[in-house]
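Each of the next two complexes has chain A plus one more chain, namely chain B in the first and chain C in the second.
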Partner chain A sequence: MKIAFKLAFKNLIGAGLRTWLNVAVLAFCFIVIVFYNGFLNGWQNQGRQDAMDWEYGHGQLLHANYNPYDVFSIQNGHGNLSAEKTEDLSAVLVRQASVYPKGRMNPVLLKGISIDQKVIKLPIKLLAQSDVEFPVLIGKRMAETLKVKAGDQVLLRWRDKNGTYDAANITVEAIFESKVATIDNGQIWLGLDKLREMTGLTNEASYFIAHEAYQPTAIAGWEFQALSTLLKDFDAAVQAERIASVIIYSVLLALGLLAVFDTQVLSIFRRQKEIGTYIALGMTRNQVLKIFTIEGSMYSIFGGIAGIILGAPLFFYTLSQGINVGSEIEGMGVQFADVIYPTFGLTLLAGTFVILVFTATLVSFLPARKISKLNPVYALKGRIS
Partner chain B sequence: MKYIIAIFFTIIFALQLSAQDATEILEKVDDNMNSETSITKSDMIIYGRRNSRTVTSVGYAEGKNKSFSEYLAPAREKGTKMLKLEDNLWIYSPSTDRTIQLSGHMLKQSVMGSDLSYEDMMENRKLTEMYDSEVIGEELIDGRNTWVLQLTAKVVDASYESRKIWVDTERYVPLREELFAKSGQLLKKTELKEVKKIDGRWYPTKMNYKDMLKDGKGTDFVVLEIEFDTEIPAYIFSKAALKK
Partner chain C sequence: MSEKIIVIENLVKRFPVGEGEFTALSDINLSFEKGEFSGIVGPSGSGKTTLLNIIGSLDSPTEGSCTVMGKRISDLSHKQSAQLRNMHIGFIFQVYNLLPVYTVFENVEFALLLQKRSATARKKAVMEALEWVGLEKMADKKPSKLSGGEGQRVAIARAMVKRPELVLADEPTANLDAKNAHAILQTMKKLNEELKTTFLFSTHDEKVMAYLNRLIHLEDGKVAQDEWVTAKSTR
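And then the complex of A and B:
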């Protein structure tokens, strides 16, 4: 085995440019696979963390009639819970309303959350310092939609619990910036007590956000959704992207492996006398087969090592600076931060390396199988039967 | 002392009279504006930012609880039908050949992009059932003398907490109406014009509905033809009529 490796190594180094071209192609494949997977991992980790920090906390307890994806459920999707059941929970009340910036009607969701809450990063406590009657907090995206800035007043129309219209000027106290668009687009945040007072829905909530210490128990009329359930759609979106990326890698890897395969075929054809000599000197056909297969797989080992060395500056740079994907892709419907910090774990590097070596060994072995059927006499004469 | 008592009783009497008068006026308005049945052909002119469009429809109504309307023009809306029975509203769309029932938040949507919402069409109760009223003054509108009635909700589920109605003192036809939020903010305004005597009753044939919070000229509703107390076949007010 040791001889096989030594011979394979010497042969590869001796082959010169042909070897380095193969290594370069495989190194490129390695870098692309590692980089893109690292990007997807980073996107998923960041997205999950942001969703936890800004929207879901450690799970949500939803009123049985409330479905965040169904606007028709908002009207009746609320209820109240006794104080002992809401320990380690922060209530959110959701109502529908319309705002009229400069005479344009925009339907909005009014969301009331306690000004003292600490479960999500929403800076709702800024409203506590306000001395206006209806201070509200909106996100950057919503501010752009409404074309308003901090300090602006907008007319809001809503209905109370009996369906009677009410209207008042609200003041945009502050504009927050979050990577989570689902707490921003089309939403106006205000103090929970204020919204309850406006609508007459005393002690009512549409859902509760769970703190870390919350222990879910079965509560009639309410349904707890764990973080994994809440993030199901996001994870599915990332997974779909992974599946799409596998197709791209496969094509790329196939091109790289085709180069190795070609080299092997050519190598066996041109080195028939060498193969015959090996067998004539006493090597079994399988030993010769091993030498050629190891040669092929060594392309991938060199490719992997070269990939790590050449890719390291790129990996380290993106780890520290992130990848700016811009805000243009926000409308794609999935959660994207402006800057994604990729995650290159040892599993990713080792996994990609193993795939590369395994596939390269396989495509090296396939043409080399011919050696096992080789007649040494013909081989010495330079003829493959 | 006698004077004070006399003034006191005069004020009380005047207030009672005013309340009673306002209720009577409202009842007469309700009687005048509502009929057993009606068949109306009308144009709804919806003013947009740049242009306007006209939707023609024919509507059948029986009391306040049953109504059926079919859109005749433009081509895009032609064949769309709407049926209201009590608190239920169904819409049939010929393009999809489907009937859907509107409920909840869907009722808050605008009718064909106008300033009217489906919900505005769903109110079945008479004004006298929902509001306490009083006459707060008299005004001249387009040369017609009107009473100004202040209506305050006496039921908790009225869409508008208060209303102001200008009623023609001779014809008992409202010429203007303003709808207010709980905070007193003016939300909607209706102007009723071109009052004509039709089948023995005075009826406005041009109305303008305006959402006061939005920019624009609002929506005009022009009555082209109207018949009162004509017999309407019962099948018109059935879901089967939507697909006919």
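And then the complex of A and C:
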């Protein structure tokens, strides 16, 4: 085995340009696969973290009638829970309402959350310091939709506890920026006490956001959704992207492997005298098979190493600077941060390396087997065509 | 007291050609003793290379038997015939078949690598073999930098480095000028005398024949004449 490695190594170095072309193609495959996977990993980690930080906390306890994807469920989707059951939970009350910026009607969701909550990053505590009469908090997407700035006043209409319309001027106290669109689009945040008072829904909540310490127990009329359940759609979106990317890698890898395969097949013709000589010098078929297979694997080993070396600047740069994907793709329905920091784990690097070497060895083995079975008499005469 | 290194009995070799068969060798009965410096001579197509390939276990007889160092070629497995070539037989070809990516030293070393000899043993043997052929100064050169005569001398060193019992040389002078041809023949003759290595040539070169002790004339795959002659002196 050691001899085979030594000989294969010498043959590759001796072959010059052909070797480096194959290595370059495989290094390119390696870099693209590692880079894109690192990007997807980074996206997934960041997306999950953002969703946790801004929306889901450590899970949510929803009123059985409340469905965040169904506006008609809001009307009756609320209830109250005794204080001992809401330990380590932050209540959110959701109501429907309309705002009239410049006289145009916009349906909105009013979301009330405790002014001093710490479970999500929403800067609702800004409302506590406000000196205006009716401060609210909105996200930058909502601000764009309504075309309002911080300090602007808008007319709000909602139904009070008797179901009759009430109206007031609300003031946009601050505009927050979050990568999570689902706590921003079409929503106006205000203090929980204020919303309860406006709607007469004292002590009521549509759902609760769980703190880390929360221990879910079965509560009749309420349903706990763990973080993994809440992130299911997001994870599925990333997964779909991964599957699409696997197709791209496969094509790319196939091209790289084709180069190796081609070199191997050509060897049957170009190197037949060499092969005949090996056999005349007393090499067994197995040894010839080993040399040629190892040559093929070595392309990928060199390719992987070259990929790590050549890719390192790119990997390190994007690790520290992130990749600016812009906010244009936000409309795709999945959460997308503006800047994604890829994660290149050892598993990713090693895994890609193993795949590369394994596949290259495989595509080298078949032609090498043919090579090892050449009739030495014909090979020495250069008669194989 | 003499020992037979090659015994060929009723050997027939046929090649499939299209629908039928072509008989390249028929009814060959020959034996060679250790230390012979003999040649198979005959016109092109007479079957010289075919016979040498069978003796070298690169090919096998269709009928009859060929026994080399007590081993029947047709009975050997691939591994066994590789072993026979590696340990006991050196090949010298018309085109030198040096491995282009290796240096002269590495080309000569190759067979010893396969024998798994230690690095020091290899180095000693290779340098000695290069001395035999007068190329010790060329050890680090690549074959592409060598002249034809030097290339063939490297091939001789490669065949001889493992001190095989038998060297098969298929038209070793065909690509050499007269001066180089004489030089390598003298080298081989000297090795034959000093190491008692058996040499078997295939040739139609008069210069080669002049050095041989025994000429086996092949015609159309048959032995037409088997004669012992007085060889040209090496001095």
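The rule we apply is simple: the second predicted complex is superposed on the first by the 380 of 385 C-alpha atoms of A that agree within 3 Å, B and C clash if a C-alpha of one lies under 4 Å from a C-alpha of the other, contacts with A are read in each partner's own complex, and residues count from 1 in each chain.
The criterion applied here is as follows: a contact is a pair of C-beta atoms (placed from the backbone, for glycine too) under 8 Å apart; a residue touches a chain by one contact, two chains touch by 3 or more.
What you are looking at is a predicted structure, and each value in this text was computed from that prediction instead of being measured.
A.B. asks: Let's test your reading of the overlay: on chain A, do chain B and chain C clash or fit side by side?
C.D. replies: Taken together on chain A, chain C would fit alongside chain B, as the superposition shows.
A.B. asks: In the combined three-chain arrangement, what's the angle at chain A toward chain B and chain C (CA centres, steps of 10°)?
C.D. replies: After fitting both complexes on chain A, the angle is 150 degrees.
A.B. asks: Just to be sure I read the superposition right, which of the two partners does A:Ala280 touch: chain B = first, chain C = second, or both, or neither?
C.D. replies: Second partner only, chain C.
A.B. asks: What is the minimum C-alpha distance, in Å, between chain B and chain C after the two complexes are superposed on chain A?
C.D. replies: 75
A.B. asks: Which chain A residues qualify as touching chain C in the complex?
C.D. replies: It comes out as residues 3, 6-7, 10-11, 13-15, 273-274, 276-277, 279-287, 376-377, 380.
A.B. asks: Which residues of chain C touch chain A once you look at their complex with the stated criterion?
C.D. replies: 53, 56, 58-59, 78-79, 82-87, 89, 91, 93, 95, 97, 99-102, 106, 110-111, 113-114, 116, 158
A.B. asks: Can you list the chain B residues touching chain A in their complex?
C.D. replies: The touching residues are 103-106, 108, 153, 156-161, 181-183, 185, 187, 211, 213-216.
A.B. asks: Note which residues of chain A are touching chain B in the complex, please.
C.D. replies: Chain A residues touching chain B: 71-72, 74-75, 96, 98, 100, 102-105, 155, 157, 160, 162-168.
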